[in-house]
Amino acid sequence: MPNAGIIGLTVDNLTCRRGEHEVFAGLSCSVHPGDVLYLRGPNGAGKSSLLRILAGFIAPAAGAVGWDGEDVAVDPLAHRSRLHYVGHLDTLKPVLTAAENLSTQAAMLEEQADVDTALRRFGLGNLRDLPARFLSAGQRRRLALARLAAVPRPLWLLDEPTVALDAGSVERLETLIAEHRATGGMAVIATHTDMNLPGAYTLELEGRQRVAAP
Amino acid sequence: MSGWHRFANPTRFSRLSARILPWALALTIVLFAAGLYLALVGSPPDARQKDTVRIMYIHVPAAWMALSTYVLMAIFSGMGFIWKHPLADIAAKNCAPVGAGFTLLALITGALWGAPMWGTWWEWGDARLTSFLILFFLYLGYIALWQVFEDPEKAARAAAILALVGLINIPVIHFSVQWWNTLHQPASVFRRGGPTIDPAMLWPLFIMLAAFEAYFVSVLLLRIRAEVAEWRVRALQMMQAEA
Amino acid sequence: MSPFLAVVRRDLLIARRQGGGSLLAVAFFVVVAALFPFAVGADPISLRQVAPGVIWVSALLATLLSLDRLFQADFEDGSLDVLALSPQPLFFTVLAKVLAHWLVVGLPLVIASPLVGVLLNLPVEAFPVLVAATLIGTPALSLVGAIGAALTAGIRRGGVLVPLLVLPLYIPTLIFGVAATADPAHAAEPLMLLGAVSLVSLVLAPLASAAALRLALE
Amino acid sequence: MSPFLAVVRRDLLIARRQGGGSLLAVAFFVVVAALFPFAVGADPISLRQVAPGVIWVSALLATLLSLDRLFQADFEDGSLDVLALSPQPLFFTVLAKVLAHWLVVGLPLVIASPLVGVLLNLPVEAFPVLVAATLIGTPALSLVGAIGAALTAGIRRGGVLVPLLVLPLYIPTLIFGVAATADPAHAAEPLMLLGAVSLVSLVLAPLASAAALRLALE
Amino acid sequence: MPNAGIIGLTVDNLTCRRGEHEVFAGLSCSVHPGDVLYLRGPNGAGKSSLLRILAGFIAPAAGAVGWDGEDVAVDPLAHRSRLHYVGHLDTLKPVLTAAENLSTQAAMLEEQADVDTALRRFGLGNLRDLPARFLSAGQRRRLALARLAAVPRPLWLLDEPTVALDAGSVERLETLIAEHRATGGMAVIATHTDMNLPGAYTLELEGRQRVAAP
């Protein structure tokens, strides 16, 4: 059971099963305001699966995910309203322009959003009116990430966010995450590459589930 | 929640079904023997229909079973969906082919009966006939939906949604004879004011219905046991592979 | 702007940019219906007899063809995840998408239905009823179709399955729609029943679709 | 195994694994055909009159529905790039994909057509012609549909044009198909014309589709 | 004009235009047997576009691509038969198993192919009968890359091949590329991360197109 009184995200004795295959079991950890948790492990270790469980998309086979001490399954809508999930897919409509893509997403997530600032933060200012089908791989990725900047939410779940990003864009993302942490935000990041996020914790998946100190 | 794995353990179901099965099978044989004898030999030929009336003893129970199997399938689906009980899912899944078989049987016997009675095998304008064909398609859609999902737990939930939504068609089929003018005769047994059929025909009909019912129970139990066994083997294999 | 309106607006915008959503549905509706004078022969009497049925089957197929990618496109590009994180129950998200679909496809069909009536020699007195019936009935087509679309959203090429799942569920709409159009003098009862079908669908279809979509999110 | 056969085999394998490609097309064919009499609500005479039209419209729709993702699926998952690197001209790759599609969808429709004929009260003497006509005509449906499918794959440009292009292209097949089926005594000429349509499509459709696919590769 | 007598791939004064936007212009370079050429540059610099031009998928706005001194536009089929292109998309059919996916691809590309060895080279041996829909992001990527090992072709065009790969898989890929080079193969690789391929050349895109020595 998630412990009462704890602030932030708690993962309690979680088991994940896909099909008949048990991906991981008995996983526990917690993420507090300002924390960043890396998920690491070889391909197929269950990083993406864990992120989807944390987002509430998959029900865990056993165990629970908690927020501020309460099981998120109690009020799934409240949980989904407090998090961002950026996965492998780019969530873009090729016929809409970059600005339209971001503003329609933001409008679905939140009443108000500052789309242009968010675009500029990811260096997409001069591409705002280009249809998304013309964007390069890294530009698409940046556009998908831009909703983190457009709509403030406390919990970010990022699945290999640096994929296809050039060095400058990775830095932009790191800056954004740093600001997010400074305002009490949390992030769980599955990644195979190194990012520059001081003080991040690491959860190694595959058999030896343990939290390594930063 | 992780239902399909619970089959690794022996369940109450296995013991219970093992006890019921012999009785159900025996009952099926006895009732079919008695019912078929009464239907084909013991009951009088109809004044108007002569011996073709004997198709009734197959057609009517098959049609009733087709409808009630669908309802049962929907009930199982609802139970599986709400309580996530895998046995309910498996039961619902295995109702479908049996129910589709009953539907096909009723369709074929109805068509065979229609040829001498109405002068046509099939009549499109007839709401009862067409809506019954639709029931057959509903069964097919349900079976197809199970097929396209790789993950049985997902398949069970998707199919349950379809079964519950399709439930709406059942009253349409049953009341179609009242709502539209049809060739097909209206309800003559299960109706307000009691049956209008001669008791000499009613009894064989009821015995045949009971025979169909017993057959259904037997086949359903056999199918469920087979599938449970299959899952148990799969679970064991998985455990060995991961060890 | 509420999340509900945001979803409607988004889908309308995409439909407009993609071009031809409405045009395709209407073109399909008209072409399928226009085929029947070839088949039945131009004999006005027999044409008039089949007209209501042909109109409704064409409308139904036009809806169906445009529906099969309603959720699948969002599933395939990951947008479904974003939709699911919207601060409103999935029920309303589904409803918003269906509303947008109806505005893009259903409403144009209603508007085009008199044209098809003319092509098929429908008696003049049936026209008001035809428009009323399609107006009341097409929402049910979009709503019920959404169930099939949602059930197959997570399956690639599941779209082929949609007709088999959905067509049986379309039968009541078809029956009442045809009944109203074929006999305009006694249209009140079938129109009411048509309304009842639409109302029931309005509650049940988003419920069923939302449950089905949760499967696609896994 | 030649690359041509490899493509055919691959698409057949996918269809089999996806479950029910053929079954679904046939089910759709039968369900749609079943809708018409339901809607037309018919005495056998007028049913018999609409039967050829209904059969052909249903076959057309069943083909169309299963076709629209013929290339798009390959485009979306990048397989089109692999197909393009095959050591044979794109023309034959398209032809192989269309052949596989016809085997999965067209041929079963031919086989199922007598069943639909029975359901729709088609006169007995029309059955051989019906089978012959669908056998000759369905390849044209697959081939011409492939052009639309190829254009949709590169929808980056296609847009509104696709339905407006493909639906009119289907009209000759429909007219000759219906003509042959409706008047079996004088079927020779429409059957020949139907064959001509299929033959012309056999050359032109892969050519046009290959050109359209090159746009999708950019 | 591609120079006669030169063995391998030559790029001569190439211009790439997408829409109305000129992505790069006047680009020249060459790749000889055993060479690896990295394409580097920020997002949108034109790396993916260049790879698709080299594959013959896009026609260049100006300039030419040559093979053994002859313009590849003369016999496009011959050119396409000599190269592998592995892009961002995974080219997998979710309903087919890993082995079926690879063997159908290989059959389309070549008469004969050793599928099982190729799978094992990428550590997919025990996943061979799992439908591709169940594979994790990195497993999918490895399966897409496996066709490099299954069907021998002299020219490899790889667009960010290490994306989603864990460290072990990156090493496997590096070994494969090394063997490919040893038999006279060539590779052009667009990437934002570092790979361990000794003696590789680098082409920096965006404005300053120049070839840096290894």
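Structure notes:
Residue numbering begins at 1 within each chain, and the chains themselves are lettered A, B, C, D and E in the order written.
Keep this in mind: a residue touches a chain if its C-beta (ideal position, glycine included) is under 8 Å from a C-beta of that chain, and two chains touch if they have at least 3 such contacts.
This is a predicted model, so every value here is computed, not measured.
Comparing mean CA positions across the assembly, the chain most remote from subunit D is A. By C-beta pair count, the most extensively touching chains are C-D.
Using the average of C-alpha coordinates as each chain's centre, B ends up farthest from subunit E. Centroids built from CA atoms put subunit D at 36 Å from subunit B. Note: centroid distance subunit C to subunit E, computed from Cα atoms, is 46 Å. With each centre defined as the average position of its C-alpha atoms, the distance from subunit C to subunit D rounds to 24 Å. Each of residues 88, 95, 134 in subunit E touches at least two other chains.
Multi-chain contact residues of subunit B (touching two or more other chains): 134, 137, 140, 144, 148, 150. Among the residues of subunit D, those touching two or more other chains are numbered 18, 20, 24, 27, 31, 38, 40-42, 76. In the complex of the two chains, the subunit C residues touching subunit A come out as 1-3, 6-7, 9-10, 13-14, 17-18, 76-79, 81-89, 217-218. Residues 52, 55, 57-58, 77, 80-81, 83-85, 87-93, 95-96, 100, 104-105, 107-111, 144, 147 of subunit E are the ones touching subunit D in the complex. For subunit B in complex with subunit D, the residues that touch the partner chain are 120-122, 124-125, 130, 133-134, 137, 140, 144, 147-148.
Considering their complex, residues 18-19, 21, 41-45, 48, 88, 134-139, 141-142, 159-160, 163-169, 192-193 of subunit A touch subunit E. Interface residues of subunit D, counted against subunit B in their complex, comprise 18-20, 23-24, 27, 31, 34, 37-38, 40-44, 47, 118-121.
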